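As written, the chains take the letters A, B, C and D, and residue 1 is the first residue of each chain.
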Amino acid sequence: MTRPNLAVNLGGLQMKNPVTTASGCFGFGPEYAPYIDLNRLGAIVVKGTTLEPRLGNPGVRIVETPAGILNSIGLQNPGVDHFISKALPYLKEYDTPVVVNIAGNTLEDYAELAKRLTAANGVAALEVNISCPNVKKGGMVFGTDCFMAAEVIRTVKQHTTLPVIAKLSPNVTNIVEIAQGVAEAGADALALINTLLGMAIDIHTRKPVLGNTVGGLSGPAIRPVAVRIIWQVAQAVNLPILGMGGIMSGEDAIEFILAGATAVAVGTANFVNPRATMDVLEGIEQYMEKYGVKDINELVGAAWK
Amino acid sequence: MTRPNLAVNLGGLQMKNPVTTASGCFGFGPEYAPYIDLNRLGAIVVKGTTLEPRLGNPGVRIVETPAGILNSIGLQNPGVDHFISKALPYLKEYDTPVVVNIAGNTLEDYAELAKRLTAANGVAALEVNISCPNVKKGGMVFGTDCFMAAEVIRTVKQHTTLPVIAKLSPNVTNIVEIAQGVAEAGADALALINTLLGMAIDIHTRKPVLGNTVGGLSGPAIRPVAVRIIWQVAQAVNLPILGMGGIMSGEDAIEFILAGATAVAVGTANFVNPRATMDVLEGIEQYMEKYGVKDINELVGAAWK
Amino acid sequence: MPVREMAKVVSNSPVKPGYYLMELDAPKVTEEAKPGQFVHIRVGRTMDPLLRRPISLYDIDKEKGILSLLYVVVGRGTRMLSEIEAGAELDIMGPLGNGFWLPDRATRCLVVGGGIGVAPLLPLIGMLDQAGLEQKILYGFRNADAVVGIDVVQEKGWPLAIATDDGSVGHRGFVTDLVKQAITDFKPDYYYVCGPEVMIRNVVWLMKEANIPGQVSLEARMGCGVGACLACTCKTRKRTGGQQSVTGGQLSVAGHEQNFDYSLVCTHGPVFGAGEVIFDD
Amino acid sequence: MPVREMAKVVSNSPVKPGYYLMELDAPKVTEEAKPGQFVHIRVGRTMDPLLRRPISLYDIDKEKGILSLLYVVVGRGTRMLSEIEAGAELDIMGPLGNGFWLPDRATRCLVVGGGIGVAPLLPLIGMLDQAGLEQKILYGFRNADAVVGIDVVQEKGWPLAIATDDGSVGHRGFVTDLVKQAITDFKPDYYYVCGPEVMIRNVVWLMKEANIPGQVSLEARMGCGVGACLACTCKTRKRTGGQQSVTGGQLSVAGHEQNFDYSLVCTHGPVFGAGEVIFDD
């Protein structure tokens, strides 16, 4: 039997298989190199990168919740220049496209990030984070306002030739509207979903557990919300979707693909199982074999098509 | 030592303790009478009631998700008249106030429901469901629009003398705005939160699992979202809050109270543990004893006050 | 009245690969248990999996206060159940559901089971036997590896015929073949059926053709198991007039325009009069 | 290089109420393990609890490929760990973190532990002993019931003094009392400390006063355990100039305006030079 086709095209980003990493859950790559062969990933999406280095949020940054976690990292990162000079050379050694997740406080930030990363050799696409719940300026504020979201994407598109993936916030009344807005602004693909806004209170200290009070909820707990959003958006907007939110296994990934995702990102699962990306990939392959699916693209949106 | 005070006043609804049942998760009461003494509940909130009987949604209505469930019951209920003539007499036997959760397709529906239930003897308060994700008309559509939400509450207030609790949808960009809207419209209290909109796809049939495609996510998975919403709204809106969303234990309930809830409702937990309401109540008492809290009201919002 | 009980697992071992027999020391649940009822089991202690799992009563030993369950591992809930060791405590609710009832006038009962659906039939067969009714038992399985729940039946010498899809045991073909034959040979005037929905539907259709009344035991995805969540519905013919009272555990929906009701498998059932149920095609 | 290994639980039993010693047959992790490192453990198999739990290496038997862990039950993760039976498989990642290093020039080491924080000190003490360094060991516990991790130390005859808050064992008072005394008596020129944060802070302060360098082993809530999630931070002095390379596992944050960094306990630590860490008050 000929091997089934796993390759997908995510709005211009060519991936040898649909499995990538969720930003912020895989560091800059080397952290998981002892556990998996990074060459086998469809792409690597790295931690959110900003123009200037960022320290991130103080205090407790993670708390476990039922089948999920809350995080309030706050975009700690060494800044784009450091990323380009130190992290990128390492990542270029691998036969895996590198997607850089970018976040800014202002439109100018996004423009500058897009410029520098496009000029740098070795970046395959930009994932534009307009949905981070853990920073005061920018972040989710952009992502919950339809007009602003589109503005950010338009700005990035003006300053790059790379495929632009718009990463949206699920914390909105009408995600389809925002997806349509960024589609019109020129996004090449959508990344769905970022974390849900949540919090936890320590009943003994009677204070919020997280240093930043609120945080982003991720992990299997949010999977039903992610699947619903992808299902809705995929039917309404003609852009390929990078699906994420609680994917732990190949079967979960298939659920996202059937809902309408062209590719999937594995986030929180890496913390639970450092081989999660490979288990997801192998699970997808097994499913395709079991049902004789010759091309993964046949499954995209198959639950409604 | 004198017994600590557990009594709370939820916008005019006097409760002997802060523990009640979440609508739709406790039937009309008798279902759990074999397991607990209904007299010990602070209040009983019954299944969503409509003007006319409703059949509810076809097909599979429940699916388990990580630390949660999706339901798409679709407001199956025998109608308000049947409730008044058959269910209410049974409930009146108990020394526990009865709160009726009402849902309508139109403003007229809400008005009529309020009228009939106010006229009926034995209803202590109305919980107005403007947040059901499982019905086509009304339901969440009211709850995600600030103006409509306020209209519904204004209408109900015009037709009742009972305390009115507005139950809001978490599936919105800005819940504080909606809470403020219904507060201005005269709501006496807020119920937070209804279910998150989610879905699940069966990867073998490649179809949505639920007969109604999408459903409402409840259970511990959503607790961090509920706590965050209560924390936000309690600080912005001067109304008592009935908190719910994944409460399984007394400790969970304390978390909600510290976030700003005056009372708590136990929903999905009943399915897991038919004594959940009593375990929650006893857990609250233990916590108060451990920390020498004399009055539960001291804890309301203590995480930010 | 149903109760919640922390039952002691007396034994829990495979009867064949994938199929388990669990014995529970559960005096309170056993005391009121009837054939056709079920228990609702918490298979883990954490929030995942969250819901209980419904499993029928396979044997009810009122003297010893011991319940037996016969179950097949199909997903992670049943897998976790199969990993529980003797001596452990198991959180169960029961007995739940209405259970089978004896026919009003009939004397010759056909008992039809398919796959793991034979589990609730064993106590029924005992009840019919004790009531002095003639019976014939017809079980269908996929193949020899899937044949379960027949030991006691054979021990007691109750009349049993088996069909397997591949003929590896008994008749080769469907149990409905045996049913057709029994309608002519055995001439039942009542029947009971439990198994996969498609099998139930076919049996009901055959019996309806032959004008024979009976009872069916259904499955549905459950939340509460006690009639509170309204999740476990099946379509039933609309009852005219009277409503079940609220103290009976639930309200049925009348007064609407459709010509059917959604009844609850957990409390109105799992056993329904065969004529009540509407099977969608 | 760290690995993920399905370790076999050789034994897992209480050393006193609430405190457990677990032995793991984990040849791969053991091979590279160093004192002060930890393993990241998946205590269940379902989605709740979700995260792994970090536990230090209490004993490293390179010959047999056996790791020992000493842990106290504080929440449900450690409770679940305590319920795992010998013979079971345990999903671990390790060895993680940097581990303790030998001092450059020092010869007389003070080893200070508090509560369960004594666990990672045992292999350190062995290492110091082997390196031929003088050492004095000072452990503090709440009371007699909380005294753990001293058997091997006593067996080997390593010099140990104990303080308990209530005086039920050894000195009555804090371990810092013993530290003060040791600074004058024992005249250490280096130290190691692990325990509750407030104790670490006080020890670091005393040693700083005395101008003695050392190492501290910290704890923080962890996600990944490998430097990928940036959850497990502690405040450290800003490094001037050079950055750790990306292939070292993480990038530190330089170029920002604050006079501190957030370092990662899982990979930059858990052991830090005492002078590096900034303790907030």
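One rule holds in what follows: a contact is a pair of C-beta atoms (placed from the backbone, for glycine too) under 8 Å apart; a residue touches a chain by one contact, two chains touch by 3 or more.
Since this is a predicted model, take the numbers as computed values, not measurements.
In terms of C-beta pairs in contact, B-C outnumbers the other of A-C and B-C.
A separation of 47 Å divides the Cα centre of subunit A from that of subunit C. Centre-to-centre separation between subunit A and subunit D, using Cα means, comes to 34 Å.
With each centre defined as the average position of its C-alpha atoms, the distance from subunit A to subunit B rounds to 34 Å. For subunit C, the set of residues touching two or more other chains reads 47-49. Among all residues of subunit B, those that touch two or more other chains are 66-68, 219-221.
Taken chain by chain, the contacts link every pair, so each chain touches all the others. Of all residues in subunit D, those touching subunit C in their complex are 44, 46-49, 76. Interface residues of subunit A, counted against subunit B in their complex, comprise 65-68, 70, 144, 171-174, 196-201, 203, 206-208, 213-215, 217, 219-225, 227-228, 231, 246, 251, 254-255, 258-259, 287, 302-303.
Chain contact summary for the complex, subunit D toward subunit B: residues 47-48.
By the touch rule above, subunit A contacts subunit C in their complex via residues 66-67, 220. Across the interface of their complex, subunit C is touched by residues 24-32, 34-35, 47, 52-56, 60-64, 66-69, 71, 73, 76-79, 82, 86-87, 90, 219-221, 248, 268, 270-275 of subunit B.
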